[in-house]
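We call the chains A, B, C and D, going by the order they appear; numbering starts again at 1 in every chain.
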Amino acid sequence: MTPDPASKRPTSTQFSRGLGAAALVGSAWLLLFGLFLSPNDRVQKTGVRIMYIHVPSAWLAYLAFIVTGLSSAAYLWKRTRSLRWDRLAGASAEVGVLFMGITLVTGSLWGRISWGTFWTWDSRLTTTAFLFVTYIGYLAVRDLGGTHQQRARRSAVLAVLAVLEVPLVHFSVKWWRPLHQQESVAEGELKGLMLFTLFVGLISFTLLYVWLVLHRQRVMEMDDARDDHGLDLALAERRNEALEPR
Amino acid sequence: MSTWRVARLVAGKDLRIEWRSRVMVNQVLPFAALVMVLFAFALDNDSVLTRVAPGLVWLATMFCLLVVVQRLFAVETADGALDALRVAGVHPGGIFLGKALALAAQLAVLELVLLGAAFVLYRAEFAAGGAVLLVTTFSTATTGLAFVGTLYGGLAAGAKGRETLLPLLMLPVVAPVLIGATRATEAALGTGGATPSEGWPWIGLLALFAALFGAGGTLAFGSLIDE
Amino acid sequence: MIAMLNAPYVIGSYVVTFGAIAAYAWRLVVRARRTAREIPAEDRPWT
Amino acid sequence: MRLSDVVAVLGGFPALAGATLTVHRSEILLLRGPNGAGKTSLLRLCAGLLPVERGEAVVLGCDLANDRAAVRARVGLLGHANGLYSDLTVRDNVRFWGATVGATAGEVEASLTRMGLAGRLAGVAVGRLSAGQRRRTALACLVARRAELWLLDEPHAGLDAAGRDELDATLRAATTAGATVVVASHELERAGALATRVVEVVGGQVREVAE
């Protein structure tokens, strides 16, 4: 007897399975190159190895928030209004928060090695921390309840406001401590195998991002469908209530 | 009814409520003074206190902002007045501007008291040359805070009783005001050898902040309090 | 190689990263299975 | 006002499950039915507070699905909550709600008199009033709002005999002036005498009641 594959992996398709496999292979490569095959950096020594995960996760987190902002705008715009945009925004924000959390943890571990401290009030770091908190708030607002349309409208407005907020926070923090080192990451110095490893990291994080968002978004769609389905059942029950003799 | 008339009506109503209930005078201002005293306990050093006085004034303002915003929307949700406002069909942008106006007026009083407390308790020094900058800083920062406070307060109130979310949503957003207003106030008071000319760029940031959230709030407030 | 300077920090960051992603992905799959049982197949248009 | 097969959802629960109802101009319609039948939801839906999930709802000639803003200013809703500011006086409350539709000072005073609130009571903060007096104040606000469609949820609750008489007279006067009134009430005798038509709400649906 073969189990129904659809119920074991309800959110996967051939495409997403391929994507997942590619993401796994990419991650394995990243581990291999990042931890073993790539050489130590002259300046950063072993610290550079953290960069292979830190930089891609930071980039993808920013990309995720851009996707959230754009799809929220697409939801608010009347002609493209669809709950699909809302779900994409939500899924992307959730994965973005995950990656941003990873960015903060790996960043402070890297900072401990390179600067001797877990945290500095660098504008990039601080903006990142604020983004993290802002999108945690965004996810909390998504959970507030109400109809799907209410959820979508509230959170879309919030996401667009967050887009306004980010540059303001960034520039205010930047002017606040102007004397700090500008470049915290020495991407420009990476060459050869190190650059290749960073590239592997970027590819595999992109694959992971797409896979996670795709599945998260499908789970949300199922949740929404379940709510609608529940409504139909409740509706039928409610109608029977009226038929009962009094 | 025009947006401005709605704004005037709502602001007048909120200030009248404030005048009658005296929550600001009897509760928020004592709380603000208390916070200023507690800062002194925590920092326990006169020269440090004088140095950080502008920052503490604005930090205390942020804390009180949370309290005032919650009160601002509690009067609407307590007896279903928010629903009634929605049914009354008044322009939501007008409600936003009106409530922001009332909030700004209350914040202005609060900030005056906090600034006075900083002079008395922390021995902050006043430089006459920075008076214009000081007034400009306080008015632009207050405008920005009032817009953000009303916007996020409305979001929390529209979401029915989830006011606990307010600090999490609002504090990250007002961070630029905290930074900008602190630096500009330092420049105006000459704290730590700062000069007024260092303060003016921050006014630009504060004004941009106020303009962005004022416009955003007027447009978006309807969809936040609706339903 | 693996016996390197600051190994706890480097390895720790890899463990945190892939641990967090794997935990999140696992949670997604579990949730998907649970929800899928409650809805008819036609509500999954991608299959 | 016309509802056809309207479904409305409140917190995932179908408060209205296919309600169909037509209300004519100048009618006083009584909604009766057990608790939880959907009376309040029906009123809130007509006021544009509850979104129409399915079906069609046309109120005062405007489709609620896309023109709620146009309806809102023209209806008056008295829900379970009074929608009053407890720190303000009776007069201030009526003046504020009247001002949202541009009522003059004379109209405000007339509304206060109508509900027996003129005089000393008008200067008292709403928070210090009894429940019945608050209800009167809310009704006075509604009078000042000059609505074309009055939606009243248990308006008689808490009112004394004089207040009920004043309310009934007010509603009759409003319908004579061309307004339409929908009342949800459990006090069938009182409201039944007032109403020109009665329907029953059960299980989120509306049933006509044979006279």
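The criterion applied here is as follows: a residue touches a chain if its C-beta (ideal position, glycine included) is under 8 Å from a C-beta of that chain, and two chains touch if they have at least 3 such contacts.
These numbers were taken from a predicted model, which means no experiment stands behind them.
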Item to check | A-B compared against A-D, more contacting pairs | outcome: A-B
Checklist entry - Among all chains, which one's averaged Cα position is nearest the averaged Cα position of every protein chain shown? => result B
Checklist outcome for this item: Taking each chain's mean CA coordinate, chain B and chain C are separated, in whole Å, by 42
Checklist entry - Measuring from the mean C-alpha position of chain A to the mean C-alpha position of chain B, what distance in angstrom results? => result 32
Item to check | Separation of chain A from chain D, taking each centre as the mean of its C-alpha atoms, in whole Å | outcome: 47
Next on the checklist: From the mean C-alpha coordinate of chain C to that of chain D, what's the distance rounded to whole Å?
Outcome noted: 53
Checklist entry - Touching two or more other chains, which residues of chain A qualify? => result 145-147
Item to check | Shared interface positions of chain D, touching two or more other chains | outcome: 51
Next on the checklist: Two-or-more-chain contact residues of chain B, please, as numbers and ranges.
Outcome noted: 227
Checklist outcome for this item: Inter-chain touches occur between A-B, A-C, A-D, B-D
Checklist entry - In their shared complex, at which residues does chain B touch chain D? => result 1, 6, 9, 13, 16-17, 20-21, 75, 78-81, 83-90, 227
Item to check | chain A residues touching chain B - in the complex, by the definition given at the top | outcome: 130, 133-134, 136-137, 140-141, 144-147, 150, 153-154, 157-158, 160-161, 164-165, 168-169, 171-173, 175-176
Item to check | Of chain B, residues touching chain A in the complex | outcome: 151, 155, 158-159, 162, 165, 168-169, 172-173, 175-176, 179-180, 183, 201-202, 205, 208-209, 212-213, 216, 220, 223-224, 226-227
Checklist outcome for this item: Contacts from chain A onto chain C in the complex sit at residues 6-11, 13, 27, 31, 34-36, 40, 45-47, 49-50, 53-54, 57, 95, 98, 101-102, 105-106, 109-110, 112-113, 208, 211-212, 215-216, 218-219, 221-223, 225-226, 229
Item to check | In the complex with chain A, residue positions of chain D that touch it | outcome: 7, 9, 11-14, 17-18, 51, 53, 202-205, 207
